[in-house]
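What follows is a set of structures for review.
Look for subunit A in each of the two complexes below; its partner is subunit B in the first and subunit C in the second.
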Partner chain A sequence: MKAMAKLSEGILDKFSMDFLRNQVLKNAYGNDDTVIAGLDPRVLLAWYLFFGLVPWFVNDLPFLLGCFLLVSVTTVMARIAGLVLFLFFLGVFSQTGYLLIVTLIFGGDVSAVGPLLVLTLKVATVSLASITVFSGLDPDRLSNGLMWYGCPEKLSFSISYAYRVLPMLMEEFQNVLLSYRLRGNPPAHDHFRGKVRYLIYQVKIVIQAFYPLMLNTAKRSRTTVEALEIKGYRYAAVSKEVRKMKLASLRVTYDDFIFLALSFLWVAVTILVSNII
Partner chain B sequence: MTTYQKQSTNQSQKLMVFVLSMALYGLASLFTELIPKFQIGIVELSVEYFFFIPLTLGMLFDPMSAALGAATGELVFSEIMLGQFGGLGELEKFITVTIGVYIAGRMVKDPKNRVMVGVAAMVGTAAQMLMGTVVDILKVQFAVEDFEAVAGLPESVFATEGFAFLNDVLFSGILFCLLPTLYLVPKLYGKIEPLLGMQPRTSSTFLGGISVKVAVGCVIAFACAIGAEMMAETGLALIDWEAEWAESGTAMAVGMVVAAAVAVAVLVIMKKRSEVNSRVA
Partner chain C sequence: MSLIEIRDLKFTYPGAEKPVLDGVHIEIEKGDFLAVVGNNGCGKSTLCKVLNGLIPHFITGEFSGTVLVDGVSTLEQDVGVLAKKVGYVYQDFENQIVRPTVLDDASYGCLNYGMTDYKERGLRALDRCGLTGKELDYIWQLSGGQTHLLALAGAVALGPEVLILDEPIAQLDPGHADRIYEVLKSLNEQYGKTIIVIEHHTEYIADYCKNVLLMRDGKAAWKLPAPEALSRVEELQNSNIFPPQVTIAAHHLCKKGVLPQVEQLPTTVEQGKQYFHELSFREQPILRKEEKKTGEEVASFEKVSLSYRSVKGDPHTVFQGLDLRLRRGEKIALIGSNGAGKSTLMKLMIGLLKPSGGEIKLNGKVLKDVKPEELSSMISLVYQNSEEMFIKDSIRGDIAYAMRVRGVRNWQEKTEALLTRFRLTELAGRDGRLLSGGQMRRASLAIGIALNPGILLLDEPTANLDIATRKEIMRTLNDMKEITETVMIATHDMQLVCEWAERIIVLCQGSVAADGTRDEIFGNRILSQRVGIRPPEIFAMGQALEPCALCYTVDEFLKSFQEGVHV
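== the complex of A and B ==
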């Protein structure tokens, strides 16, 4: 009993606001020395276009398995933070794992496993490819790559802005939440009804905390936009010259070609294997 | 000169609303992504716990900017930042969130009118969830091969999706969308607008209710979301046809492997050479 209490306390400790902030930041900026992070964002996006789309349309099991193995290797190479991988497993299970259980309950038999395995492989491949590209690259390079492909300036601005403002926002939210807790009087929660009331109390506090947060963020977004206007943001966003200057740092090297060629080689091998079988 | 302008016609104010909505809903959807999903029995509650944030902002400010901001925020903060970007699926979510918030925002004429705020919040939420459910069902139907042939699968999909929808609207729609919106909108009204340098929305600065144009626009946008799924189906036939053509010879595949291997070897040699050259130079 005591061990259980200690375990749940340990899990709660791990999921503190600081832990989340660290994981997100580590995911964004912590691994810019990996092989994946060194590649050109345009090449990686093109690579993602293949592994993000093609698996949806193919139902060939060896091919899907091959793609899955390849993106697993790249995910390991990109050294993704643990929290993201945990969420990935949770996501894959919640998308298809529960369907399998429900199918069995509604009178399906083992024959249902085949199509569902294909579906799971598809989902897993596509999300691992996106984890590789979007978590493996650092946000500035990613937004530059997106811009090169002609994505709206607003999107690449949002990405750069999000990574910078998120730690601040999280800290502020935590402070507001803590001050609400300091002033509040939580209901006793040693029996079941108290626990339910305690949960409702917590949810209420989180919702109320958004009131000051909204006002503060409104002030901050006005400051941001005014600073952007002073720097001529809306003109720069559509100017071709500014775009050229921003994208001048992108360069395709031999490493990029080798990465593409190796991926192609692996895919060709899987096609060969599925043909022989 | 009229003293009243239509609300937020100013471009930079639109950008402010966009940034505000993006930052707040992005932060919130990051939490949603991190909170383990609740499950009642076998039914998963895909709750958008914080949908009240864009709803509130959409009712107080320019609905289109708030809606686009919220959808972008969710995309950037929770999908791209955590690396959970899922390609086509994200497009559909982006569109449904935008439509839901936009509809709710256009419905409210006077944010002080609590009944209207409540109705708009429920309609916006229900619209977003219904579209999500329809697309979900279509997705499973197209993605799983021999959908009808697998015993028990079609019924289970309809049953779980239908039940999850009703449950989401009644349970989380009221708890997490209706009540917080009713609490926040009157409280923020008149306080948050001056911070962005705007006038509060009144019935005279109101953009106008849901016209035929808005409805048609929403339907077209939703058709785009479904269109992505339809594309998947025709794409399936295309690839199958190509596969047949490629099957004519294992030689094809062997050729591809050899070509790829040669390409890798040549590139590695070229890289080594250039490194040596740069060292010499």
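== the complex of A and C ==
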């Protein structure tokens, strides 16, 4: 019941939009001086192809453990924002982690824990690899990398534009929510039933706040659409030259080779270890 | 040959009954610095969008007539070709910026048009717009003024002959506004660009522009050299444009025969010194008693500090040990340059931001212990951006919302009364977002005072309004003096400050730099210079003639000076 009370107080108060906005920005641009961010996006995407796919098909525990350690290291190197890591832990836990703990508490033996551990490791490895690549790189480098692999220009523009407007949207959403909070009249929440009602009320407000947000955004985007037209966005989308110019900034360096070599070496070692065992 | 030639231009927006542009004839020479003035809705923005081809290529409607840019009709060139000839900076310029970093955004247009030297072009444009050193910054690190310069740089990078700016300084403090105009001046003089601005601030027109174009009812009424144009005081006032205060004062004195008829009235303080030099100052009895309120404290800040989390590195400190007390019944103006912390201070008072140290009290109660819902009967904030106040689909619904959900007795009648008071009855069923700037502002004020809050906070209530609408809001504010107790306005509008406020608080770099009556604030030259505030022009004029003169309005100026001609 206490947790419930906390939750109902919390949604609007503690989990502030300001905090969210900061985390989104931090995640996108706050770590552009890390080793990971300096790598060539194409190399990193190729690297991701391995660590995002292979773990699904392998059930060998030492190998998975090795991969997990490696991606943990890269995640640390990419200096991922706290919120993303929190979501990661929450995600893994809600997928399989809780089963693992429940099994242990209720006297499950190693035979039951084994397969669960394997599954948890798989999910965790793949997630961490994704986090490393998709939030370790800044959106522009990521979208350039995707474009090199043949993704349409529209997709890559959307990625970087989304990061550009997200903070603005969140600020606006925060202000709309504030209008509701200051002018609304939520149910009293001193006792348990009131708290449940208060929680429902808050969720309802968050949903209602989307309506003004959408209309305001529509109004803003009129200028953006015209500006994009003036800035030649439509020309660029069909021009091969421009595409080439955009990709010209991508360059594979020694760091990329070292990164790939180290990853390869590490994977080789884990395979070796698992064969010896 | 003129750079731009418009002949018999007519344009009607789809679904509109009347044409916005109804037979426009103008020619604009190369190298001009032209100000376009006119009522809200007289077709200024539409005219500018015709020049860069958005009309009729992108925005469709009934179009007829000829528009020649550089000798070629806009109908024969597409938007891309025209973008390299005519650059455009929107009034809501922040929506014009589409890339996350400064250099990236400045060179984005050039990249899209496949110019191989796009980086250099971007860098050059940033240099011309005074943004050197900011190339790698992220756009949210920029101040409002810098963001505007970036939008300008994005247009300049494409190397256009003509630059059009829609109300470039509407949201800026005088320091930033000067910077924008200095940049425009150098683009005009050093690089030979033709500059067209839509501008309400006639003091800036007097200082910077070469010619003025008056738009009236979808037609170009006239185009004249700036000094001559600004001397047509009555004609301008009929179109809701207010000439510089110096010119208005000169016009009055001239009409009364106190000063001789001249061909051109003075438009700047410098010219005013010449024209008014015969006048002598006569001390006026103090018309307005300026006594300090000693009522009870309604809000107080005690050693409040606040810092923002920043994306990278150390948190950014906004306030450090801020102390401030507000008393019941005060009419306070909160001033200071962009980024001095005005909006932040207001957000602290309504509990949107929590101080990292110190205490804020409302009516003697610590803000932390006040439930957010209780707050609304104590304090209310009217945002700078009115759109964010509209949470229902009609203004009636918006005004009623707070009273309805609280079950205030007679809320229907009270809503109707508010609608009448703010002259919104006829618009009551419309969505707030679709109203004009002035109507939107009135609606947001009505929403703000619906619950009769003890303290009313207004963030820039007169920004982005033309002079007529601004006057209307000023009248509304004066009307409201009786029904609201304590009011605090954050603003750059010094005329508003001088005509309305009883107490002025100056914020500078996160602390209170000065706090007092208008005489104490504006009379102190050293202070004004230090914190970057600028009194209204007429005040500066008075001071230039007589250092101890303190006249804040044209009327006060006339009273103090007019009878004292040397015989």
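Going forward, the second predicted complex is superposed on the first by the 250 of 277 C-alpha atoms of A that agree within 3 Å, B and C clash if a C-alpha of one lies under 4 Å from a C-alpha of the other, contacts with A are read in each partner's own complex, and residues count from 1 in each chain.
The rule is short, and it goes like this: a contact is a pair of C-beta atoms (placed from the backbone, for glycine too) under 8 Å apart; a residue touches a chain by one contact, two chains touch by 3 or more.
Keep in mind it's a predicted model, so treat the numbers as computed, not measured.
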item: Fit or clash between subunit C and subunit B when superposed on subunit A; value: fit
item: Inter-chain angle, subunit B to subunit C through the CA centre of subunit A, in degrees rounded to a multiple of 10; value: 100
item: First (subunit B), second (subunit C), both or neither touched by A:Phe57; value: first
item: Which of subunit B and subunit C A:Lys122 touches, first, second, both or neither; value: first
item: Partner chain in contact with A:Glu229 - subunit B first, subunit C second, else both or neither; value: both
item: First (subunit B), second (subunit C), both or neither touched by A:Phe257; value: first
item: Larger contact residue set on subunit A - subunit B or subunit C; value: B
item: Partner chain(s) touched by A:Lys219 [first = subunit B, second = subunit C, both, neither]; value: both
item: Which superposed partner A:Tyr161 touches (first subunit B, second subunit C, both, neither); value: both
item: Which of subunit B and subunit C A:Lys195 touches, first, second, both or neither; value: neither
item: Gap in Å between nearest CA atoms once subunit C and subunit B share a frame through chain A; value: 7
item: Residues of subunit A contacting subunit B in one complex and subunit C in the other; value: 28, 139, 161, 163, 208, 211, 215, 219-221, 224, 226, 228-229
item: Subunit C partner contacts - residues on subunit A that touch it in the complex; value: 18-19, 22, 25-26, 28-30, 138-140, 160-161, 163-164, 167-168, 172, 174-176, 178-186, 208-209, 211-212, 215-216, 219-221, 223-224, 226-233, 235-236, 239, 241-242, 245-246
item: In the complex, subunit C residues that touch subunit A; value: 52, 54, 58-59, 79-80, 83, 88, 90, 92, 94-100, 104, 108-109, 111-114, 116, 118, 138-140, 154, 309, 311-312, 350, 352-353, 372-373, 375-376, 380-381, 383, 385, 387-391, 393, 401-402, 405-407, 431, 433, 447, 450-451
item: Of all residues in subunit A, those that touch subunit B in their complex; value: 15, 20, 24, 27-28, 52-54, 56-60, 80, 83-84, 87-88, 90-91, 94, 98-99, 101-109, 111-112, 115-116, 118-119, 122, 126-127, 130-136, 139, 142, 154-155, 158-159, 161-163, 165-166, 169-170, 173, 203, 207-208, 210-211, 213-215, 217-222, 224-226, 228-229, 234, 254-255, 257-258, 261-262, 264-265, 268-269, 271-272, 275-276
item: Parts of subunit B lying in touch with subunit A, wherever the complex brings them together; value: 11-12, 15-16, 18-20, 22-24, 26-28, 30, 33-34, 36-37, 39, 42, 44, 52-53, 56-57, 72-73, 76-77, 79-88, 140, 143-147, 150-153, 155-157, 159-160, 175, 180, 183-184, 187-188, 191-192, 195-197, 232, 235-236, 238-239, 243, 246-247, 250, 253-254, 256-257, 259-261, 263-264, 267-268, 270-271, 274
